[in-house]
Amino acid sequence: MAKRRARWLALALPLAASVALAACSSGSSSSSSSSASSSASASSSSSGGLKTGLKVFVIPKNLGNSYFTTADSVNSGGALAALNALGETGTETSGTADTPSSQIPAIQAAISKGANALIISATDPTALCPTLNAAMKRGITVVTYDSDAPTCRSLFINQASSQALGASEVDIMAKDIHDTGQIAIVSASADDTNQNTWIGYMKQELKKYPKMTLVSTVYGNDDTATSTQVTQGLLEQYPNLKGIISPTTVGIAAAAAVLDTPKYRGKVALTGLGTPDEMKKYVADGTAGPFELWDPANLGYLAAYAAVELASGKITNAAGQSFTAGKLGSFTVGADATVLLGPPFVFDSSNINQFNF
Amino acid sequence: MRDRMPWAFRWETALALIVVLIGVIGAAASPDFLTANNMFNLGLSNGEIAIMALPMTLIIISGEIDLSVSSILGMSSCLLGYLWERHWAMPLIFLVIALVGLAAGAVNGLLVTRLGLPSLAVTIGTLTLYAGIADILLGPTTVANFPAAYTNLGVNAVPGTGNAITYSTLIFVVLAVIFGVVLHATPAGRSIFAMGASPEAALYAGIRVKRIKTILFMVSGLVCAFAGVLYTFRLSTAVANNGVGLELDVIAIVLVGGISIFGGKGSVLGTVLGVLAFAGIQNALLLTNFNQEASGVVAGGLLLVSVFLPNTRPLWRGIAARGAAVRGTS
Amino acid sequence: MRATLTSRREHPGRGPGDSAGRSGGAALAERVFRIRETGIIVVLAVFIAVTAGVQHRFLSTSNIQFVLINTTIFALLALGETMVVVSRNVDLSVGSVLGMSAYLSASLFGGHAGLPIPVVFLAGLGIGLGWGIVNGLLVSAGRVPSLVVTLATLYIVRGIDILIVGGGMVTANTLPGAFTDIPKDTVLGIPYLAIAVALAVAVGAYYLRSFRSGRELYAIGSNPGAAVLAGIPVGRRVFTAFAISGALAGVAGVLWAAQYGTVDSTAGTSYELTVITAVVVGGVAIFGGSGSVVGAALGALLLSTINSALYVLGISSFWDQAIAGFLLIFAISIDRVIQVRLTAALRRRSARNA
């Protein structure tokens, strides 16, 4: 009997301890946020009126993704480089799976650590909102980049006008296949905000080319093996397929690997969004034609400046507000509290070897 | 078949010490670790896994295993989204989800007890099957327009607890007490230990092994379906890949808690400590920025330690026996 | 192959009645065993026929090549996994080992221009073998249950892989053309790689059937206690099984890099579930003691075929998992029914011959 009682005690003990600790330190949660705002206001030594010493957390969709590493890191001149230049404390953090439940703990940890601003590439348009709204209520600046969560952030830094991106993808494809033929899209995940927006604009632009038809949109889920199989399925289902557009860096590389045989090279055109490094081989041997991207480092850089400007109170997120983003020049906030980086950049055989990311 | 090891040499004690150690190291490395806010975040990110670990404990002690837990979570999440989109009333949706959870568990239980199939293979099959059903229900769509009244349950603290306890933590504590009482203080609980330790002996002792195992699987199904609802509200999103991969975390937690994979040994206390250890490590890594990419390595290491130490049990037994001999007791 | 019924070869020279009974029982078992493999072939054939009927391009040369290549990696993994499962163990770490091997071996090309391809294969094999040895030691010497060991190594290997890879990846332009052509080269329309893997499976089947150490794996899986008493070096056999499984996962990793060209830290995630499904669908009992590598390879082929069929037919690929799960449950149920009937039939037979 004594053993049993002892066991209950041991069960209760850790639980009681955590509750007690929580109760004891319930005051500290409010104090950590007030210390955050007080440190922000305390160190308002100006660098052009911008605050320094802010704690900024850069939270990409997931760690271990080379696209985000380029966008965020110091070496590539990305977000962290900009933050260093501005005198802020920048940290990159996230989960390792490209899902909200992997990203949310990292966001919460950043808040716990007294973040003044968060720069986030959203894994989902709505799942992060409860956490982000709570952050904004505490006075933390929330800025999204690359992938948006439209209802729970102050600013969205968009790599390119979604309309320009969607339209230009179709225009490049039209040139590749001489305005005629069946095409298909290999996308990422079916609930990706940016993917669906771009695809919407692609369909609109297609109306200009009556002899081109979009026969299918398939989802590779940004997984190499899945993207490969959906591409193979497309090729079998539509033997007259003339072109594939893959607006995702994982999808386009997988599709290129499938098309990289004499049977398909030159017969099925490929374009989309890709990084120069992964596409160098396929552009060189003719599997892929011109494709687009933007400079992820510039995207991160711009996002960092925008976040600091907002956090310093120098701009609001109203349309028409403008600011200077270091070496990139000046930018203006547009509709939907969105800042555009610029037009997409087209990579082709003439310039691809100048880039290393 | 209960463990008769003295307190000092039980795995639960070592684990409790490890939990305390994690707490100390975490607090030393980051001032934000032992705050109410952080406890809250811990509860949020691990609430569903912790809840699912409780019926898993009983299932493993009974000598079986259930790998389909995360898929039942995902399937219930998609069912929630699917029915909500078709404007069903929420209470009715909850009822349907509860029934589906029970049914999913019943399928597992019946395949294992009536057809005599090994639970490892069966639940790998149902893991895939239920994940497939989740896929079919929602396909590529996401449902995210749940009313705030419900999604608040997923992110707000229970009122009056100083912003530290999430609803999922509260549910976990309540369930832990219930499961603990059932396992350690009722005849049914003793039967569970017995059938895990020796299935034949249990059968001949008149224990209704098949019935109890089926009930355990059904309870697991119900609890996981419920966890799916919590998960969906926490993320305010129902999508097909909700919960994918969580089953490994749940099993790892139970194993770290000292429950033997062979069945017949373990305790709910162990699982509770396992939750604290597992969650504590992940959280400490995150807060100290010690490279959360290493969390997998730490989790795997902890898992190995949890099975190695008990394997040195004969050594401890020897020490305990010698101690008893010296004291003149036995 | 049921270890208890290979008696025809083990015990020649018994009395006529005895051997008639035994050989009858063994013949029955052999026949059942063949039925199981034949069963998969029949399902496969029916499936292909139906799909090709709806969409004849399913049987186009290019699609057959796609399916065969997609199968090769899983067939290799299934080969190693069968050896482990037959001995009543399980190896959950194969996906993570494949991922680490894929990245590390492929990245060797980037660092050393002109590296001979066989060296890279050896590197991959070495990495896999290393982890297989770790698994094998923990299971046999440490006497830790394999489910726990390989679950832990699944976490640990993936974690180390993520730490090593960081945000990097291996891109196709660093890989020699000859390497990425490996999955694409064909002879008479059949990919070389498929033939090579089929040979590997045949070698594996021969080993398990005709070498005593191979057959002992079945004995260990059937009844570990009896195996020990029979003088079988259980520890050594199990260790070898895990080492082989790891080595094959390592080679599969190199092939993965050759096939996909771009490798990051997510390669191979969740492959272990697919492999175990393939193995069990292929007739290998999850608690060991029976099954064949040919069956497992056929199971892998069946799953790949179903996968491809869904994509080719344009059926929402969202049915893929549900079908695979259903297949698995169906397969083990059938196996169970066969086992019960077989045991009853054997009992009747031996009672008659007694």
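So that you can tell them apart, the chains are marked A, B and C in the order they are listed, and the count of residues begins at 1 in each.
Throughout what follows, contacts are C-beta pairs under 8 Å (C-beta built on N, C-alpha and C of every residue); 3 or more make two chains touch, one makes a residue touch a chain.
Only a predicted model underlies this, so the values are computations on that prediction, with no experimental measurement involved.
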Problem - Pairwise touch network: line, ring, star, complete, or other - result: complete
Fill in the blank from the handout: Between A-B and A-C, more contacting C-beta pairs sit at A-B
Completion exercise
chain A to chain B, mean C-alpha position gap in Å, rounds to 33
Handout entry: For chain A paired with chain C, centre-to-centre distance based on mean C-alpha positions, whole Å
Key = 38
Completion exercise
Contacts with two or more other chains occur in chain B at residues 139-140, 245, 293, 296
Fill in the blank from the handout: chain A residues touching 2+ other chains are 63-64, 96
Problem - Residues of chain C touching at least two other chains - result: 162, 166
Problem - Residue ranges of chain C touching chain A (in the complex, touch as defined) - result: 55, 57-58, 60, 62-63, 66, 70, 162, 165-169, 171-173, 175, 180, 184, 259-262, 264-267, 307-308, 310-314, 317
Fill in the blank from the handout: Listed in rising order, chain B residues that touch chain A in their complex are 7, 12, 16, 19, 30, 32, 34-41, 44-45, 139-142, 144, 151, 154-155, 161-165, 173, 176-177, 180, 184-185, 231, 234-237, 239, 241-242, 245, 267-269, 272-273, 276, 282-283, 286-287, 289, 292-293, 296
Problem - Touch list for chain A against partner chain C, complex - result: 63-66, 68-70, 73, 96, 216, 218, 223-225, 228-230, 232-237, 239, 250, 253-254, 256-257, 260-261, 263, 277-278, 280-282, 284
Problem - Touching residues (chain side chain A, partner chain B) in the complex - result: 3-4, 6-7, 10-11, 13-15, 18-19, 21-23, 25-26, 28-29, 32, 63-64, 91, 93, 95-97, 99-101, 104-106, 108-109, 111-114, 124-127, 129-131, 134, 189-191, 219
Fill in the blank from the handout: Contacts from chain C onto chain B in the complex sit at residues 90, 138, 142-145, 147-149, 151-156, 158-160, 162-163, 166, 270, 273, 276-277, 280, 286-287, 316, 318-326, 328-329, 332-333, 336
